[in-house]
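Order of writing sets the labels: A, B, C, D and E. Residues in every chain begin at 1.
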Amino acid sequence: MSVAEAPGSPVATLTGAVVLVGGFPLLSGVDLTLAGGTVNVVTGANGAGKTSLLRLLGGLVALSRGEGRVCGVDLARGERLELRRRVGWLGHEGSFYDDLSAAENLTFAARALARPVTGVAEVLERVHLSARADTAAKRLSAGQRRRLGLAWLLLRRPQLWLLDEPYASLDVGGRSFFDGLVLDVAAAGATVVVSAHDTLGVSSASARTIRMAGGRVVEDGS
Amino acid sequence: MSVAEAPGSPVATLTGAVVLVGGFPLLSGVDLTLAGGTVNVVTGANGAGKTSLLRLLGGLVALSRGEGRVCGVDLARGERLELRRRVGWLGHEGSFYDDLSAAENLTFAARALARPVTGVAEVLERVHLSARADTAAKRLSAGQRRRLGLAWLLLRRPQLWLLDEPYASLDVGGRSFFDGLVLDVAAAGATVVVSAHDTLGVSSASARTIRMAGGRVVEDGS
Amino acid sequence: MMKLLSQRLLGPVTLVLLALTVWLGIWVTPPDRIQGNLARLVYVHPAVAWVALYVSFGTATIASGLYLWRRTRSMVMDRVAHCAMEVSAVFIILTLITGSIWGRPTWGVWWAWDARLTSTAILGVFALAYLALRRANDDVEVRARRSAVFALLAAINVPIIHFSVQWWKTLHQNATVFTSTRTLLIHGIMAWTLLISFVAFTLLFFWLLRARYRLEEARDEEVARGLEEALAERQREGVR
Amino acid sequence: MIRLALVVARKDLLIERRSRVLLWQVVPFGLMALLLAGLALGPRGAGHSNAAPGLFYLVMLLVTLLMINRSRAIEGAPGTRSSVATLGIDPASVFLGKSLALAVELWLAGVVILAGAVVALHTALGATATAVPSVVVTLAALACAGTLYGALSGGGEGPATLLPILSFPAFAPLLIAGERSYSAALHGGALWQWWVISLVALVAYLSVGILLYGVLEES
Amino acid sequence: MIRLALVVARKDLLIERRSRVLLWQVVPFGLMALLLAGLALGPRGAGHSNAAPGLFYLVMLLVTLLMINRSRAIEGAPGTRSSVATLGIDPASVFLGKSLALAVELWLAGVVILAGAVVALHTALGATATAVPSVVVTLAALACAGTLYGALSGGGEGPATLLPILSFPAFAPLLIAGERSYSAALHGGALWQWWVISLVALVAYLSVGILLYGVLEES
């Protein structure tokens, strides 16, 4: 967050990136450059490697071969903890504590990030969860959990946003809120990478579409 | 499965159905009749109670107030085990064993249902998972897990199909396969209830759309 | 040149020294006055214990430490640590077995809740736990880090074992061979045999370590060869 | 019913073989617990051989708890994932199958722990051999009770930690019966009497399980 | 670092207070285990008071294992859910915070179990009171070691059952030290010597944790 790189300069570069898990190549050689302040949509059939690519970019899996630099961190040198601090991740599970309420989760995040706790109510309002502020996260509906995940990211304001199938579980209102959010975020200089099967609202706009298959990038509509 | 009710006769009837969990009403009085051999799409905003309705129909939560009869089982009398045998459920988690491979999971199901084990390969082929037959279920991608869930249902051939956001995680091919499957299933006399935020391929066809809000049915386009 | 020579000679020299130990231990040295022929275990048990505790566990610990230190971090260190720990597990088990065999006639029991015996057994469990930990992680880097930290934590046990005979009153032999003042308590041919046994078992360790390391290397190479194939196959998935 | 039970047991054992949790984690844990229990009682070595039967069963109890947690984790939350729920297998078969798989695992673990007890606690090997039939029956009873209590504590919100408190009271009689008959084998005394108690417990848990497992799964 | 550690500890304790796992499940389990261990050693009542320190620590060990599993379950898989991963809290603070929370929980549980031991195993109350400082330190060391081993065994594929085997060998010295100093308090003897061992262990685990927790979490 502190190191605001010049907009347009690459936030991530991968060369021949291979990710092996249990001997199976989740990624089989990805070459990719992501410019700062852009929105990138990753598409491809089931099992093509979209989630794996996002996980690599987020420092959640190790690079087995090839080279990679994300947010100024060298993936080959194994400083993934450093990287994870700079990226935000929204997956199917939700990165918060199930037993805490929506508000408590965000309060914890705000405290840990040394942000004012007053921001919490405002963020909850933005994702339309104010009515559920005191409900335990595990009791929220699928779409509400997604919204809480977005709220968490809003608080964190990471440099690189990695969103795995953001449309899943969101209702119509949630989707259009999401589209607006992504454009805002990119305009503010952060980079967004989205994996999707749906045609996103943002795809029509400025987004670059990257198509994957067999663990590689096969088409790059940049 | 054995009791093939006359097509058109109601498979499920709910009157004033209320579901309380921890004092909170997930459903706040649902009146609904589902005819056999139909496709029903449940829509509504996040937190409207779609998943809760499906869970009630599947015997996964108890009825707190009101009356309900699903697949010939009286919900108030608490014979939910009986009910669960007759319905098939596809949720976000997937109802199979993570440590077993895709094929082993289906083989177990086939054995337990006293079906020929040879059907497994064929079902895997239908959902395009043959190439991943020997991969542990926990290693499958999100969409592949969905497909495995469909394969499991295909083997079971339940009387009532409850599908929670089936489009999520499926790629374009998967979605059109799903549409075809649902129409087949309904044509064969089973009843399908789908919750969705997307406009499904089947909605355009014969489906009935039920809109929920605040734990109730607010619009019924039957 | 030196390297080549040592590589060629390690195996034969180890064998010769082991044979020498056996010959000296069984036919040349005299039986003990009290324990009789059983005392000949003195040429096996202390040497095996020495290798288990210091040589092999020490190698594993140092390699783990080097892995954790950023500058020397490499998969070589991880592999050395792994192989050394495996060999160490074997030697710890041998220590327990030879000790038990010796303990039955001298103390009348196979096992006692003596501080040294117990702490040795605990070290053995550490070694097994290390191997279990490696099995439970298949991300290479995660595995390397976790097992390195674990090996360091386990190493704290080694000095405890060594001093246990002094800290707690125990059944087990006090430091008899080398006392704290470093004077040798037994003499003549027995001392020489003892010394040779130590050298022989130490060399045996390095021989085993090298063999194990090569096996691991070969396995990695095979994996790398399989990898090309796996990559090609994965890439083909997209085309279909 | 038997056929289905075998299908279920086979599946559980297959999963166990895949993950090797028993071999690499539970059995070493059991041995470790044995060593530690020995330690906790202090180095007054003489007492150990007396305590051996009790310690053996105490350790087997802990092993059982771990294995039940595993067995429960495999099935996941009831309703969404359990085999009864999604396949309509009759609950009695599920109960039998899971108990059988658990019993097989406990027997395997028991052999190793028993060997550990003989070596580490100086129990007589011959006398231990006479105790084997009673151990087999007691462990089987433990397996049945464990499966039953696993279902009781399982699912919903209750985390794995609920299990011990629920099952411990039920395990206590088994523990005592097992300990007494093992002790009797070691020191002489009426062996069959405690043996019969274990057997009765086994039959009781089996029948309760067959009759009532469905009620538990339903909820 | 301290501020963040407090934030983390507070969050863990809040979650614990919400779920009441400690109160309703872990502590009753501990008492139960104490009773059972008493049973397993047979009705030779006299022996109990001697065995009390060992049993107390054995039970506290089991309690620790359960609590670590809880603490791990709270954080979920590393990378996707853990607070370090998603918030970039420095790992030393996370380690300190989680250890602190665990220590507080263990102290609370310890009070109850100690009371149970006094009542059920007839240990002298006054002597037990003298043992309290050593118990406090030993439990704190257990908490630090536990947090460390929790991170070691955590996440990825490893199920919760890996934890016991990893941590038991490390807990053993703590168990011995605690038992001896409690015994010394009961029967007279050099108290401070074992007390110092616990203290040294606490400091050692604290420093190792502060230095290396990051390495573990990173993976």
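In the analysis below, contacts are C-beta pairs under 8 Å (C-beta built on N, C-alpha and C of every residue); 3 or more make two chains touch, one makes a residue touch a chain.
Everything numeric here is computed off the predicted structure, so don't read it as measured data.
Common neighbours of chain B and chain D, by the contact definition above: there are none.
Note on connectivity: the fewest steps through touching chains from chain A to chain C is 1.
When chain pairs are compared by their number of contacting C-beta pairs, D-E comes first.
Placing every chain at the mean of its C-alpha atoms, the farthest one from chain E is found to be B. Of all residue numbers used where chain D meets chain E, over half belong to both copies. The two sides are thus made of the same residues.
Averaged C-alpha coordinates put the centre of chain A at 30 Å from the centre of chain B. The centroid of the Cα atoms in chain B and the matching centroid in chain E are 45 Å apart. Put simply, the C-alpha centre of chain D and that of chain E have 26 angstrom between them.
For this pair, chain A with chain E, the centres built from the Cα atoms lie 37 Å apart. In chain E, the positions touching at least two other chains are 19, 162, 165, 168-169, 172, 218-219. Within chain A, the positions touching two or more other chains are listed as 21-22, 24, 47, 78. The residues of chain C that reach two or more other chains are 118, 122, 125, 128-129, 132, 136, 138-139, 141-142, 237, listed in rising order.
This structure has the following touching chain pairs: A-B, A-C, A-E, B-D, C-D, C-E, D-E.
Put simply, chain C touches chain A in their complex at residues 73, 138-142, 223, 226-227, 230-231, 234-239. Every residue of chain D that touches chain C in the complex is listed here, in rising order: 20, 24-25, 28, 31-32, 35, 38-39, 42-43, 45, 48, 119-122.
Chain B meets chain A in the complex at residues 21-22, 24, 44-47, 51, 92, 132, 139-144, 146-147, 164-165, 168-175, 197-198.
Those residues of chain C that touch chain E in the complex are listed here as 68, 118, 122-123, 125-126, 128-129, 132-133, 136-139, 141-142, 145-146, 148-150, 152-154, 156-157, 160. For chain D in complex with chain B, the touching residues are 4, 7-8, 11, 14-15, 18-19, 74, 76, 79-81, 83-89, 91, 214, 217-219.
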